[in-house]
Amino acid sequence: MDNSQNWRQRLYVIIFETDTKAGQRFDNWLLLCILASLVVVMLDSIERFHSQYAGLFGALEWGFTALFAIEYGLRLYCSPKPLRYAFSFFGLVDLLAVLPAILALLLADAQYLMIVRVIRMIRIFRVLKLRQYLSQANFLLLALRGSQQKIIVFLVSVSTLVTVFGALMYVIEGPAHGFTSIPIGIYWAVVTLTTVGFGDITPHTPLGQMLATLVMITGYSIIAVPTGIFTAELANAMRLEGQFKHDCPGCSKASHEHNAAFCSRCGSALFRQLRD
Amino acid sequence: MDNSQNWRQRLYVIIFETDTKAGQRFDNWLLLCILASLVVVMLDSIERFHSQYAGLFGALEWGFTALFAIEYGLRLYCSPKPLRYAFSFFGLVDLLAVLPAILALLLADAQYLMIVRVIRMIRIFRVLKLRQYLSQANFLLLALRGSQQKIIVFLVSVSTLVTVFGALMYVIEGPAHGFTSIPIGIYWAVVTLTTVGFGDITPHTPLGQMLATLVMITGYSIIAVPTGIFTAELANAMRLEGQFKHDCPGCSKASHEHNAAFCSRCGSALFRQLRD
Amino acid sequence: MDNSQNWRQRLYVIIFETDTKAGQRFDNWLLLCILASLVVVMLDSIERFHSQYAGLFGALEWGFTALFAIEYGLRLYCSPKPLRYAFSFFGLVDLLAVLPAILALLLADAQYLMIVRVIRMIRIFRVLKLRQYLSQANFLLLALRGSQQKIIVFLVSVSTLVTVFGALMYVIEGPAHGFTSIPIGIYWAVVTLTTVGFGDITPHTPLGQMLATLVMITGYSIIAVPTGIFTAELANAMRLEGQFKHDCPGCSKASHEHNAAFCSRCGSALFRQLRD
Amino acid sequence: MDNSQNWRQRLYVIIFETDTKAGQRFDNWLLLCILASLVVVMLDSIERFHSQYAGLFGALEWGFTALFAIEYGLRLYCSPKPLRYAFSFFGLVDLLAVLPAILALLLADAQYLMIVRVIRMIRIFRVLKLRQYLSQANFLLLALRGSQQKIIVFLVSVSTLVTVFGALMYVIEGPAHGFTSIPIGIYWAVVTLTTVGFGDITPHTPLGQMLATLVMITGYSIIAVPTGIFTAELANAMRLEGQFKHDCPGCSKASHEHNAAFCSRCGSALFRQLRD
């Protein structure tokens, strides 16, 4: 019993932690397996390879699925709170790596859903110096959250624009020039406004081309809006981040130079012992 | 009489305000109706559905139009100053939701103008926490207004560039390669400068391709201009918000340069220890 | 004699200045003529209109040319220093509005060079409130000049990238897939790197598609560079611009809040009389 | 012996330094040779010219190769530490200008590798005022290094997105609409997400077009991320450059927060009038 407890703990350290050598080696091998299983799914989707090596690929896929299933089982087994792990973000991601193969027994095309294993690539940040990178990702997410409301206002405006432009193009160009319905018109408007421009559907009437010109100029200009919002928010966050947060007892200046002992505005000592 | 007055007031609260539960429920249902009427117009534009369900779609459209007409009438009825509402921004938008259906009796394709109902989606901000979002929209509009002159300078420059490039391409490539007229050349120049690149018209002569290269590099570079203008303006607006709020003891000037130790108007020290 | 002198002066005020009513009216009419002459050139380039109204368009073009020639003559006549005007920026632009028509007598296609008249549209800034807009244009030019060196470094790097990518694609894809020569490869690389993506030439081999993926990701990422350079430069210029430039006699702080009477850093009076 | 030593030194000054007139003239001629050799390679790749002037181009290429080989030899000869030069960045670049021609004797297509000579164009910065430009390039590199971690987070996220979208499109659209394998799906996702939009492969099913819309909106929005990161980093670097340089009378700390009235390290007032 004591021994099994010991084993579970040792396993936990290897599987869940990254500080020990064994833990890092485990993460490296896991990442390699994930990438290998992705490569197999991709190669299998190429007709030329599929017809030649279908059996081999099938075997490999089942091998990887078994491997990931065992890994998932071990994680559940050695985790001190299995349910908490199972419903955590990484727990669900790990489950996603096993599930599609089981679904593939029922659905024909589900085997390609194995590509969701790519999400496990997030583990790459564990192999690199973990904490630094996750803090940077957090940093970007914070900047995005700060500009959330502005972005919603922007997205609603863009949706409205795209719907109006799409309907107008449908009325102007009509099915004869590829605008077979309003949803197709909206699809064209998105293709054009985002400056992607596939060219599968293009305006042919002078009026349609004038409207297209308007859509393109609009798209070219309003890309400034999300960029501006995000940049301003990020610059703001970066300016504050490097600084030392501490209310000055004299003037309540909230942020100071990193390492500051005195307020640069009123000269008050920021800490009591300095004042005596 | 008193009773009808009472009714009008209660109706006003439900229809125009968002603070009460009834008001919010009304807004939710209205938004749902708007979205549903848009979906009907879109589905009707798809040939496959139109041939099968033309009657149903027609009935639904008239139903929605009747609904919006009644809503418009109620708004006019319960508003204390009907004319002021009728000529307000939202009043005109509400009218636009009813008008196209009436126009459709006269014009053949006008039924698709019902898509202008999408503009009513702005009401979505009422359903979400209204004030916050509108203030953010205001914020963006202020930044745009602040950069208005720079943007006009930019747009006039781009128009000039596009016209010159379009005419040159027409002269260089000619009708044989799809550049059938100067306006088409200008359309191509806009497609290229905005980096949309449909590919419906492309240069085929070496000289034309060199000019196209120039247009593309220009377009790729000058996208920095609107982005730069807007970002700088937004950062500026955010910086001003961050000014140091502290009443000057000498002249009670309320906001100061960040980090100010002395009032820039009267020279008083802003903090006691400086004054001694 | 005195009378003719008087006339020249009055003419000068009308033609060159914008403060009087007559001067503004002159500018408005001139702008209208420029736009009308552009429209005529554009319409003439459309085959359908050309075959029907060739005579009318020809007459109109000669009329506009005569008008601009007379205007140019008058400007030379009433300008106090004709040579200085002739070689000024606007003088050369005005000459360009007349020259192409004369060239058109010699060259076949030169008539389309009349489109250079579009450059005269810069006069639009005179009709709007002149000075404000030109100062804004100046502002943008200053920001561009400040980032000139960074932009040259960027453009040389991009040219190098594009040449290398273009040559590699030529070697990989070859003439069979549309990459008929290295210059065409470079043209494709520019089309791809700038995210225009016409699609007239596309990679078909797996290796070519992998390289194309690299080019696209590069192009998508390095657009951040000119944008970042320009934005940072502009934000810097805007921050300094609104401020009051005056070296503080106490601490030599160089820029102060607009309207500042005292330095916000050291509290010194910025002007002598305040100190007494 | 002494004489040869003298010669080597004189040669070193001409070839490696840019301060003397002879050194600048040498750099100018070298740059001209590099550009000329590039033009020859490019022209040779055009079928029309190749069939006519194959002999001439071959001779010129060998001439340039000989020239660069001699130059490389001289650099090795006159450099005081030949090995150090040979393994320096510029030493390897200079070798690359000679190597491909020798490889071309063995491989058929290797002659086009001569295009790597374009990398030598970096020498252009020597011809322009060297130091200024390299410091600017350094500045950009520093900003890039500062945002390195954020960029890795961004690139891993984009790779994940692109793989998932590509696999989904393969499942939805299938080989019938051009999505012949998952790698092709990923290629399409990159083309779309980066807003390049060749249009060689486009979605045809309603579900595929809806997913494409999502990819495009994503691509259009997240371009804000690298731009924001780089701009904020650059603005930060520029702001730090603008810090207030003033030796603190108490502890001689040399740079302070902009607007600082007191030293944040020792609390001394930075200006005399504050001290009284």
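Labels for the chains are A, B, C and D, by order of writing; each one numbers its residues from 1.
In this text, a contact is a pair of C-beta atoms (placed from the backbone, for glycine too) under 8 Å apart; a residue touches a chain by one contact, two chains touch by 3 or more.
This is a predicted model, so every value here is computed, not measured.
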item: Selected pair, out of A-C, B-C or B-D, that shares over half of its residue contact pairs with A-B; value: B-C
item: Interface sides of chain C and chain D: same vs different residues, half threshold; value: different
item: Selected pair, greater C-beta contact count between B-D and A-D; value: A-D
item: Whole-Å gap between the CA centroids of chain A and chain D; value: 28
item: Rounded Å distance, chain B centre to chain D centre (Cα mean); value: 39
item: Sequence positions of chain D contacting 2 or more other chains; value: 183, 186, 195-199, 219, 223, 227, 229, 231, 233, 235, 257, 259-262, 274
item: Complex contacts: residues of chain C adjacent to chain A; value: 195-199, 227, 231
item: Contact set on chain C toward chain D in their complex; value: 149-150, 152-154, 156, 159-160, 163-164, 167-168, 170-171, 175, 180-183, 186, 192, 195-199, 202, 206, 209, 212-213, 216-217, 219-221, 223-225, 227-229, 231-232, 235-236, 250-251, 253, 264-268
item: Chain D partner contacts - residues on chain A that touch it in the complex; value: 38, 41-42, 45-47, 109, 112-113, 115-116, 118-119, 121-122, 124-125, 128, 132-133, 136-137, 139-140, 143, 151, 158, 183-184, 186-187, 190-191, 193-200, 219, 223, 226-227, 229-231, 233-235, 238-239, 256-257, 259-269, 274
